[in-house]
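By letter and in written order, the chains are A, B, C and D; residue numbering begins at 1 in each of them.
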């Protein structure tokens, strides 16, 4: 319960910690506690957020290590790097995209040499009768595509590798 | 009457032209580069033809491919929009040579007005006031002497220029020669025409322009003026009609000068005569744009007209749709150009993806958009992705509506100037109408993003944190719906 | 001036009121039932309070909860929209008793006009023309005698009625008694008030109504008329302003009658006086609606006003915003009500989910929407999900724009009347202005969906087949992107 | 290559067969052949469709056994029942939703007795670092939910059952 999450706004990093979940959510930001409740509007990414009883309109979308937020009438971009991603970054581990479960390749959307942006669909795989988009986790250039259309693969198979970050 | 049209453009202006053409019952054809295949203008047309080019902008500049597309699709006319080929006299001539109707002025008028030196001479002959200036006619040295004789500060401009390129302000006589050489080389690079000229730089100038329509048979009407004084990097970002403050007698003289110029040019179709208005009430011819302007909707809103419809009717040979007496102004309208750029870093263009896009609605609110939710915003095209245009009974109401609509307009996934535009038009100096082209520089210190206190910053980061699954799961045991599914639709 | 407002409604009208309130700088509060938690009106307000009720509509009819919400949120005023509590005099009185401003007429005026029998008597005293009628004053038998004396055909209506409920047309004297009894029982069931009355049924009547504004101190202005003759199941689906065809002298008399009635009622805020216009040019008082009408935007478009702003200013004590002389008409406007229903099955309401929603844009186009892409369309609320309103310089241009905008408006996942509306307004009889309230019945045979030939049917099923992965994979080896990922966003 | 697909428009069923894929797609509808090509616009569900060279604007969305289509300026709803679903319907087999791969339950959105519509999200599972929505394949009432939040499951596990169709 006392994990601390770092969020960076305009170059200044704030530390968020969840202090209570019942009866109400309490989030500590830089040592000050705020009571938070959220009424998800039913529209993905939109909600009414109550902070210490004050309502705020929120629209947001996450893009790899950033969360874009419209809070009331202003827009913000907040950086967040989760510990796993951070570790991968440190190890250069996000250059290779691996399958975490078996499946079959439905289509390939990126060829070696292609410039891709974070969030771009690199390939579509099928599993559980569902097509799942496999997306780039960062901007970069495709180094290699290790699978072909209709190819089955096992968990752990390398799917696509991006050029190491420069 | 025209029965079909190809729109040789993209983005918001292609959408805007296509909508009027559809409403008039014309068969519509769009063209697009592969990079734009998901763009809204492609969907709006009855059919769409792809233009092939390595570089996306090159597709929309490829006159031969566009004319071939018009012929292939059987379109009887071509609307160039603004930018790209809109002010290219050779393109207009080639369209007409192919037996198609070019929706715009005669090729020779485009060429005349495109050459700033010739246009100035033509304006002088028409009796339109010009700022004192020096042309490079004989030698570079003679030009420097003549320029120095105008007095400082001076503005150096490219003869073939536009969009601020090749433009430079000289405050110190010692800089004149170096600035002139730089301008010449920029002009050569951008316009393949190194000619430059110098004119007196008016301090705290206002930009006033007049919308005109001509039938190409000597008849011209004006649709009053627009004010476009709020600019950044020599480009307009907020425009309005009528001008914020303008004595009736001065307005009449400016409109009259515009009509005089257009009449002398035997102007055909829609055009705009731009002027610089000095604080002392003197005004000077700047240039004539021989096409529809980005900011044409503010005129449409106060005059209750559709300028694209007027263009199509004129191109179809119907003559001027209104007499001058039938055109009057009601209310006030403001346009804000929504651009993907970072106002905090000198308006540097930004790229990304329009992951969330919610357009504003409401009485008096018009959003001329050119992108779709999910669309990538690349460096390939201009950074303007739409225009918010609001009408009010008076200027205050138009501003109030625009501020509210900018608050409603939501664009997430790429940096933009939406909040900045709201701060500009809600600024006391803007509301007071104290405008000049240096407005955003003069008020830079009060136009920055608001400094948030600790509680406000906490609200922003809490709102963001709840969009991160790890945090959310710890807080609620429920992840954000859809958030982790791939693709742009979070 | 009011500083804050609670909007006691949902859907498009809540959005529309909230937008004007925001533009005027008021603090805005929305209320919503759980079933509406994702609805756009919830997002548009500065804050939103949930109303609790088993049945969703009951939440918006719960006066006590709404007033409590206003007090809790500190809202100084309440706007009722239309429908729900908008014409409930007790609600208006309770709002005022709580020390809040009710944005609408005095409670006693609401009650007077809500009782059709009393309203008729009041109109008669004001000298407003009434169709020959019979009231049920003494015995049922005396009513039948009096009704028979009017002559056939006859219309039987509920005294407390509205929306076509308890209404019946009698063509045959033998049916009179049975129809009267049915009407009484329906009236009892819907309005808990069994009183009915009979009036002469005007054949091929047109529905003409006049927008009025009053300051509650005896001053009233009108904003000209609207025509709402195109109806289905006694409910309007297409409205326009000004009326399709109306001699100037007749228009003046109708508007004058409306002002006379409103002045006598010492009317406060916005209201509408409805008339039946007979083919012979006689017109008769129908009823007065003591609220903003669904179709108010057509008046806004031709008069260049914001009626909600006028309502808020009047409620804030500012007095009438315009003199009669300052109100004039420019152009023509048409509204189409977009409903989830099946025109081929007697307009039966349809349910589903708005899986794809693309709203139209363009010059002169206004879409007042009330739902969001992805939102379920349930039987809990009215089937109207938005209004397309288009302005033109003349009626033909307004129609052309509306036809084009209906073609652009895309709603997939629930049956709707969008294509039907386009066929109605594009119909030669509609374009000719040959309107009456039986229009859609008269032209039923030419208003059905077009019969497609084999090639056109093939195009539809091929377009559909390429949306099915099994087919698509066989065709291209590529499934539809995103198609199989769960959720509504295909 | 000669599988026939039945699509029903306004009560009339048309039989579609793919007759050729190269050099161009040829689809036979009720015995007549049409040359088809499609330019996906990049927007999910939108495209320009060329049939015998004539361009059509298409927007569409699939909802269980229907495809909703806007073709040029008119809206249509076309019924399609794929063979697997049809067989399941015959066997009552779509009453039970099973996992086709292992995973863990992230959240439950439906409780026994709840009325659900086709397309509603019944539960969210996680696999391959992705949350995947498991949706109802038909309208109905939830009979039983066989898993709990955070529960891991294997391929073939019953997740949710709907009341048998009536």
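Rule of thumb we're sticking to: contacts are C-beta pairs under 8 Å (C-beta built on N, C-alpha and C of every residue); 3 or more make two chains touch, one makes a residue touch a chain.
Treat the numbers as computed from the prediction; the structure is a model and nothing was measured.
For the interfaces B-D and A-B, the C-beta contact count is higher for A-B.
Put simply, the chain farthest from chain B by mean CA position is D. If you average the Cα atoms of chain A and of chain C, the two centres end up 45 Å apart. Per-chain Cα centroids separate chain A from chain B by 37 Å. Distance between chain A and chain D, defined via averaged C-alpha coordinates, is recorded as 27 Å. Chain D has residues 40, 44, 59, 72, 121, 129-130, 132-133 in contact with two or more other chains. For chain B, the set of residues that touch two or more other chains comprises 407-408, 481-483, 485-487, 489. Contact residues of chain B toward chain C in the complex are 15-16, 19-20, 22-25, 44, 297, 300, 304-306, 308, 330-331, 359, 361-369, 393, 397, 400-401, 403-405, 407-408, 482, 485, 487, 489. Of all residues in chain A, only 39-44, 46, 48, 55, 57, 59, 72, 106-107, 121, 124, 129-133, 149 touch chain C in the complex they form. Note for the complex: chain C touches chain D at residues 352-353, 355-356, 358, 376, 406-408, 410-413, 415-416, 418-419, 422, 449-450, 454-455, 457-468, 470-471, 474-476, 480-483, 485-490. Note for the complex: chain C touches chain A at residues 37-39, 42-43, 46-48, 50, 372, 374-375, 469, 477-479, 481-486, 489.
Residues 1, 3, 5, 7, 9, 12, 14, 16, 18, 21, 25, 27, 29-30, 32, 34, 36, 38, 40, 44-45, 47, 49, 51, 56, 58-63, 67-78, 80, 82, 117, 119, 121, 132-135 of chain A touch chain B in their complex.
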